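So that we are looking at the same thing, I have put the structure below in structure tokens.
Per-chain numbering from 1; labels A, B, C and D assigned in written order.
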Amino acid sequence: MIFDKPTPIRDGFGKALLELGEKNPQVVVLTADLSEAIRVHWFAEKFPKRFFQMGIAESDMVGTAAGLAVGGKIPFVTTFAAFATSLANTPVRVSVAYNQANVKIATSHGGVCVGGDGATHQSIEDIALMRVLPGMTIVVPCDANEAYKATLAAAEFRGPLYLRLGRIATPVFTKRNSPFRIGKAQVLEQGSDLAIIACGAMVGLALEASRQLRSKGIYIRVINMHTVKPLDQSAVLKAARECGAIVTLEEHSVIGGLGSAVTEVVSEKYPVPVERVGIQDVFGESGEPDEILSKYGLTTKDLLRACKRVLERKDVKNRA
Amino acid sequence: MIFDKPTPIRDGFGKALLELGEKNPQVVVLTADLSEAIRVHWFAEKFPKRFFQMGIAESDMVGTAAGLAVGGKIPFVTTFAAFATSLANTPVRVSVAYNQANVKIATSHGGVCVGGDGATHQSIEDIALMRVLPGMTIVVPCDANEAYKATLAAAEFRGPLYLRLGRIATPVFTKRNSPFRIGKAQVLEQGSDLAIIACGAMVGLALEASRQLRSKGIYIRVINMHTVKPLDQSAVLKAARECGAIVTLEEHSVIGGLGSAVTEVVSEKYPVPVERVGIQDVFGESGEPDEILSKYGLTTKDLLRACKRVLERKDVKNRA
Amino acid sequence: MDSTVERKIDIDGIKDLATQIRRDVIRMIVGVGSGHPGGALGAAELFALLYGGVLHIDPKNLMDPHRDRFVLSNGHICAAFYSALSLAGFLPREELNTFRRINSRLQGHPARVKLPDLVETSSGPLGQGFSVANGIAMAMKLDGSRGRVYCLVGDGEMQEGQVWEAIMTAAHHKLANLTLIVSYNGLQIDGEVRTVKNLMPLREKFESFGWECVEADGHDVVSLYRAFTELSVMNKTDQDKPKAVIAHTVMGKGVPFMENKAVWHGSCPTPAQAEEALLSIGKSKGFEDYPPLSKQTLSRKKGGLK
Amino acid sequence: MDSTVERKIDIDGIKDLATQIRRDVIRMIVGVGSGHPGGALGAAELFALLYGGVLHIDPKNLMDPHRDRFVLSNGHICAAFYSALSLAGFLPREELNTFRRINSRLQGHPARVKLPDLVETSSGPLGQGFSVANGIAMAMKLDGSRGRVYCLVGDGEMQEGQVWEAIMTAAHHKLANLTLIVSYNGLQIDGEVRTVKNLMPLREKFESFGWECVEADGHDVVSLYRAFTELSVMNKTDQDKPKAVIAHTVMGKGVPFMENKAVWHGSCPTPAQAEEALLSIGKSKGFEDYPPLSKQTLSRKKGGLK
């Protein structure tokens, strides 16, 4: 099951789940009145006995999933990012993370590309909320193919895992045989003037920026950091050492997410200038995805500006 | 109302609330079956009409407080840190932060000094959870005096504010006339070999480390960063420029809290080595506060080790 | 009996208002290409009655401490809310064109920061607004306000635990100045409420939580009004229960092809379907459709549309 | 009727077990200097009956798929839980000395990571365990297990919204293999439940949510057992309601100066008070107090105490 044209990232998840349904009888799926939005209706149809409709009760859903995990199942709980990570924060913390329960939390509506539903439905905090939980693994696939692989890997992986899936159709960058391993960053471009570390659908922007800068003789290292936690520190530090400047890029607040994770590591081990491109600590709003991305500073242009700023600072530092 | 011997930080809050009760008829207080633990029983006794017992229903309590704020009141909602910030995360996000409601969230049991109650009651995530919310101000007083001042300031301040209060008796560092302004860091020691940026009860450790290092001719700048958000960036950057190395210190996870906030700023504006002392991304456990602090790496010794590490890195950098 | 009601409210006027709300809802949603028509159409009479006869709110005196308050907890049906606000003089009619668009005050879910005088609290995540409504009711009691708080929730929304916390709070704190309205259409996104997660018997639940509860036909203005007033013997000392009105509604009401179909919870009709819908709804007598704005105008006005 | 019960369980043995649990609770709490005696004492008969007669769990066959499961949702009363586990052979008796101490498996609230075979889920934040119990019951149904899930909650705990979500879930998913026990002692930290936030009438609430519900005297083993068995006609197709037992308990039961006093929810008795408490409780016939360990031994064993 491999996609080649722009596809909602969540579709890769839904299809993988269907395959898991066949392969692994322990896989069960829960949803909170959002089965189609998160693409578990395919699984529900095929495996009704292993599908649990929990109604609009996300906290209870997460707790129930923890119980199913205690009972030996591999539950995937599904809803929007804000509802899983914020509304159900305590069950995720206590019954999943602290219990080290084998629960997979899969969400759509992370980020601002939600469309007209507006700020409350746009989770710009989910990665931060999950990252601060000890023992939580966080995977943010960059396209439907990677979502497909990540879902299969999640089912194999033992322990709590958060899977953030985009809603809108997204170009496909990765191939059937692109490597995917939880915790191992994927270097998509090998430049060493500057590194862009991105996750999720934003990886596309990084590739585009890289293309544009190459024509000016600037070579970007593009890193697809699909696993935000545990962070592939060696890839980050290699980038810091070899490139001397980093831009992070995510459809998430610049607080607490991938950007923070990168600044934590480099500040500790190898300080270099880092620009964080993301939502600048404000709530989102209704609009078309491209309008929102552009209003909130998540376009190639914004990224290029950040690259420019950080390169200038790298120069200052090198001259000093 | 000023304390001079070791006092639970929450007591400063409880006393200030009592004074606010007299001064400001708009101040109301809510609690979720924890009135004494968070020291609002004094207010409750004196101002029963403006005290709302909400039972064990933290989400509803926060939402109700938002409604009271819509109705022109200045509500203080009180419970343990984990219950306000994790259990009630969505009401805080939607009804308080997104609404820009004039609600003050005051908690005890932030950090690990909770005593025997163990991991679920020790919030090592609360600052991270609050920091990622746009428009949330976060104040972490270092002693009962500062808690007292911070509480009075919180009532004057318009907008959502999170006040994190310690549970156990804590030495008093600040004086009646020590300056306190939300958002303005307080420099307690003026050294420039290294800066320790601390918040809450940990400030005491920073002072102790400074004392010990001074005898070795190393002069520490000790910054009491009582306001974690908005961060006093100029104090941080001044420290980065003048000291060249920073240690952050907090009774909180090293992810997402004060430590992350500092690495974000310096990585963006003036990269220097930063060591983050805090809970190393693990859950806490039962025990006496000092046992826990020592097991989880929050002693003067741990702090001194971090200072040593970061000073070595500063040297390497300076030699390079 | 009907005649008593007629003396108090303009039944035909309210029905007519409901018709216009339905028209607006369809036009707003098809105009932007997304939204939640089903629940909004089903709440047309509710909004018409609230903003056309029940709520004491004056667009010219929005700070009156004795005004009534309205909280929309099931925020996704806000198309009907915005329409009612515009028809009642709280919002310019043309502004409905901006619904769910970038830079608009009319967010896809009501946002207090965008409309601080009209939206008591932001909603969207279900189960949030009701607690806020309680808090407002408490503040009003403290201040001796004669106003009343009305809060609307969906039936699916009642599956949220926080709703039950709020139910306990309202009863415990004797919020007799609060009316909770449940739009009971029996449907939610994934299908029938009783299949997704059964709520029945709902009235017994309210009663066992110490509420007064009546049921009404949510599309019959008289039945609804009676339900409201039967209960609004408010602020009497002998009467300190909060009041719940279970309004039996039909998702998609007024548009036959949408009626009772969960898929219309959140789907946008095609332009042809919208036309058919408007035909079924018919025209109102006392109101006009809001004028369309050209994309250019919108873009000039708001600076955001392409 | 009593005789029928007597044929099934050893009533005197269970009462005796309850006595020993009470002794343990007092000694554990005074030993470490903190903890929650009130609720724990009040649940002594419940734990005695569960671990001394009702639960089919065998310390030697902890992975039996048909075993019963127990979930303590009101984790703060875990002193009684740990005591029962040790008395039933699941834990060394001496280990009770480590309660709430650094490096212990006996955390202040039950921690699954510390005792994965005995603690089905970590609890502490109220309202969490019940949902997990539902999930376990669902997994057991999927696997065709003949076991039953018992979940204990406090009355104050029932103010949490998530409890009501879980109540709906258990009814909707027909978890007839689940028994919820409410320790109804009428008290919580800040005082009486009815003053803090009223829950009454609780039985009517359960019934309106589609549960079977019986009440019992939580200190009368026969009454309790009958409540359990009246309901345990489980896994029959004609019977798909989950079962609630409202166990009327007394906070601090067995220690007169603690009885019905909210302050004993979470206060530690002084050594003199503890002695008085142990005198009131009396000695058990079939059990012995767990042996004290010297601080040194504890420290050697666990490597943490100073």
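Following the convention adopted for this analysis, contacts are C-beta pairs under 8 Å (C-beta built on N, C-alpha and C of every residue); 3 or more make two chains touch, one makes a residue touch a chain.
Quantities reported herein were computed from a predicted structural model and do not represent experimental measurements.
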{"item": "Intersection of contact partners for chain A and chain C", "value": "B, D"}
{"item": "Where chain B and chain D are represented by their mean Cα positions, the distance between them in whole Å", "value": "36"}
{"item": "Chain B and chain C, separation of their C-alpha mean positions in angstrom", "value": "41"}
{"item": "Geometric centre distance via CA averages, chain D-chain C, whole Å", "value": "45"}
{"item": "Distance between the centres, which are taken as Cα means, of chain B and chain A, whole angstrom", "value": "30"}
{"item": "Contacts with two or more other chains, residues of chain C listed in rising order", "value": "111, 113, 122-125, 127, 159-162, 165, 168-169, 172, 197"}
{"item": "Junction residues of chain B, two or more chains touched", "value": "54-55, 57, 59-60, 82-83, 87, 90, 94, 98, 119-120, 283"}
{"item": "Touch-based graph of the chains, sorted into line, ring, star, complete or other", "value": "complete"}
{"item": "Chain A residues touching chain D - in the complex, by the definition given at the top", "value": "28, 49-50, 52, 54-55, 57, 59-73, 75, 90-91, 94-95, 98-100"}
{"item": "Chain D-touching residues of chain C, taken from the complex the two chains share", "value": "127, 159-165, 168-169, 171-172, 197-199, 201, 204-205, 207-210"}
{"item": "Chain B-facing residues of chain A, complex", "value": "82-83, 86-87, 89-90, 93-94, 97-98, 119-120, 124-125, 128-129, 131-135, 253-256, 259-264, 266-268, 271-276, 281-283, 317"}
{"item": "In the complex, chain C residues that touch chain B", "value": "111-113, 120-125, 128-140, 142-143, 161-162, 165-166, 168-169, 172-173"}
{"item": "Complex contact set, residues of chain B against chain D", "value": "31, 33-37, 53-57, 59-60, 82-83, 87, 115-121, 283, 285-288, 291-292, 295"}
